[in-house]
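Can you read through this structure? Questions will come right after.
Which chain is which? They are A, B and C, in the order written, and residues in each are numbered from 1.
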């Protein structure tokens, strides 16, 4: 890895239109009240998929603890652009922890410090003034780097395409209240369905396994009455798709659960394993004999 | 020129049925001969793509995100309305229709809104079949809650993540069709031009955001499902990537832009903290069910909230609107907050915030029940502000959230350009001048699942199209134009960043075309927008090249379009010399400070035709006729 | 992995139960009798040994292919990857503890199954061996590795077989592997000290 040092990115937030927030000219955040902090960033830069890539260091100053981590990167990027340099590419969209786009490994932990948060929900108050912060992209064969900190997670879409749905064409549904679902069951399905597909589980797993992602989807659909017709097929097809995409196997270390921003439980993986065994047994001819009266 | 919305005849309740019967059908075997382009994969786009592919059409689906599942619909929190009347509390299709028309301050088309209310019930059925884990009652039936401005419980919800769950349902259906080969998916692709051949929309030009490659795509019809333009204000609750580019590019090719001045300012957002801020975060409106909004009675009261006794507090929503109290519609609540802050009674470091207080609710129901209801929202608030809302009241302030305006469409959701359909937030059709809570998800899915499959068929069956391919001059020219614009942005090589310009534009719009507007302020803003736009093209800096993944370039293109769009928005706000819904002209208010409509002169849709950048667009009007509801002054007292 | 591992688990339980007769304090009478009994039923012992050998081969094969797949699934590693969750000493050292146990197995069989018995008594051979500090120490170290291996193995097997990842089962795994590894470790420890 070639470590080039790019110091001197002083992050001057100098433009005259900053400082005043939204809400009219009357609004003015008193800059003296704001705690100023600075950090050194060690960032993975890679121009494109075929590029070798390496770490580059940046000094980011005049930050405040109330900034989000991504706002800090925005500030760094604006300075880079003012100097005519190319900004650090990273994915983010909703900036409120639900779209699943943001995806940085911060100091060795996907989504950085804090439990149950995405990268965009990490704040600078989690870091000490003067800290050196290492930022890397998700690393997995199935998530190739596109540029800098952006990776291609379309493998997840293809896994969903293999079976992550109920095959109900529009218009063919029965009345919504025709199948009763207990509160507990709906809650359980929701707990699994809360997955945002960010891929942190893969990023942290030493085997780069996508089991937690697949398990969450299978659990969500397989426990609901509407999901029963495709239960077996879905389980087998999604697991096969996962293997085909080049994700590793689960060796039950549960790191995935610890970094999951939605705190999806590894219990779902046990469920998935159970569903898989069940599907294998049922499809191997050992199904119960149904006699018609 | 007067515009025709092509509303079908007959009694209101029968219009959609009759129309569906009158529409021509495409033979099932022939559907596979037609290609449909769908831009955007939010609720409207994903539901349309899945449904049209199920019917047999060949679909090409485009999104700028890395996955269709990340479209901004995913962030919708509160819920989705439907006239199921499962609660037996007096709801009906007609009541949902009525509430929506009234909530929109009588600036929406009756027939569209009625159809929306009719289809609402089918949406819930469809979503439940897909496995959407809606909240349930103990008996296993679906639960409902009442939501901003409604007096019946008709909102279906999945914790505070309804949009996510609905979108995952639609996305699953979409991915099923991708897997089946009926949908070709183009993620990380941005539409940069609409291609119009002989007056008919026939395709688009896109840029592959990974490689920078320009591509042309031909189709029999183009569906824009690209969301709203709230990010014109820079700070909004929209995702960072949300933009007006697809709509604006279509507008430049001839599609009319309707009611661009109608923007929704959501009352319960986390206030701005500093100049570095990238976006604002919405707190679900459901908080207003238990939280009480107040400010100190006296201006400049600097005491901590706990030290302000009851007698020195002004629960202004409860005081001004005794029957709706804290549950008044969004526009009313937002404006009231602004007034309180304008009077110097705002709280927090910036003075632009009001309290949302749960102390009474916690005393009444206990902290555990409040935690159960709003735990995730309270946690989110604490993560962002580093303050514990169980102990001290939240501080909230309105923020741009949704845009009711959009490309003009007729009853078939087709724009004035044949072959160009616009769905979801991107069109203007169903919410009038103000959208009610939990109605956006309903409209996106209604358009995609249940309207477009019929009206698109009617168009395709009734419109003979010539066979063309991407070597047609219209495509070649459009590609050249799109490339030229990118090259021009890179060539400026100025000093200021794209975000810097965007921030300046946003602040200007917020101050003069936000919660309250005046003729003088708008005129001044119009001037200023032009200056900012000129400076942008003289002094913006965009690094990198076009032939690579270049996020600065992507943003520059979008902000360039916002710069042009902003002018049209201000023109519209100036031309609409009345107050209605989210559009509040200070010149037109009642003595109590409420919006005063002018139905005699402004009961119309304003649809603007592009005449050139910096030129005043041409106004076309579609008269709004109300045959079923009486126009009254909205009152929530 | 889980199935073959569980077969060995079964063996270990039996092996421990039998070997605890070493500690019965009767100068090895019970143990030698037990060994003699096992040798008298080759029709049972030989197939068992073959099955265990096969299971071991499969277990090692699975371990190797899992490691290879893991390496292939992440060809470019992190500069820094920190554990914040369930990764434990046991789980991260499975491959090393496994290799150590494999080596041990060879040594162990060579020493006791094929070793020269003293006066025909296996007990005396064991006593003699564990009288040496090096041997006793080696066994104790291996038993620690075995304990770690069994700990992650059992809770992992529960999960793989779809039972559960619940704390109760995790705790049960710890208790169980402590008993087994501790039980085995007791033998060299006691015999060395008593020795």
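Note that in this section a contact is a pair of C-beta atoms (placed from the backbone, for glycine too) under 8 Å apart; a residue touches a chain by one contact, two chains touch by 3 or more.
Model, not experiment: these values are computed from the prediction.
Contact topology of the protein chains: linear, an open path with no closing contact. In this assembly, C is the chain whose CA centroid lies farthest from the centroid of subunit B. If you average the Cα atoms of subunit A and of subunit C, the two centres end up 39 Å apart. Rounded to whole angstrom units, the spacing between the C-alpha centres of subunit A and subunit B is 26. Averaged Cα coordinates give subunit B a centre that lies 64 Å from the centre of subunit C. Interface of subunit A with subunit B (complex): residues 13, 15, 17-30, 33-34, 47-48, 64, 66-68, 70-71, 74-75, 77-78, 80-82, 84-87, 89, 91-101, 114, 117, 121, 123, 125, 146-147, 150, 152-154, 156-158, 160-162, 164-177, 179-183, 185-187, 189-190, 193-194, 196-197, 220-221, 224, 226-227. Only residues 47, 50-51, 54, 65-70, 72, 74-75, 84, 86, 122, 124-131, 133-142, 158-159, 161, 164-165, 168-169, 171-173, 175-176, 178-179, 185, 187, 210, 233-235, 239-241, 271-282, 341, 349-352, 380, 383-384, 386, 397, 399, 449-450, 453, 493, 495-500, 503-504, 506-507, 510-511, 541-544, 548-552 of subunit B touch subunit A when the two sit together in their complex.
Chain contact summary for the complex, subunit C toward subunit A: residues 66, 69-70, 72-88, 91-92, 94, 152, 155-156, 158-166. Within the complex, the subunit A residues that touch subunit C are 1, 42, 55, 105, 107-109, 134, 136, 139-142, 204, 206-209, 246-259, 265-267, 269-278.
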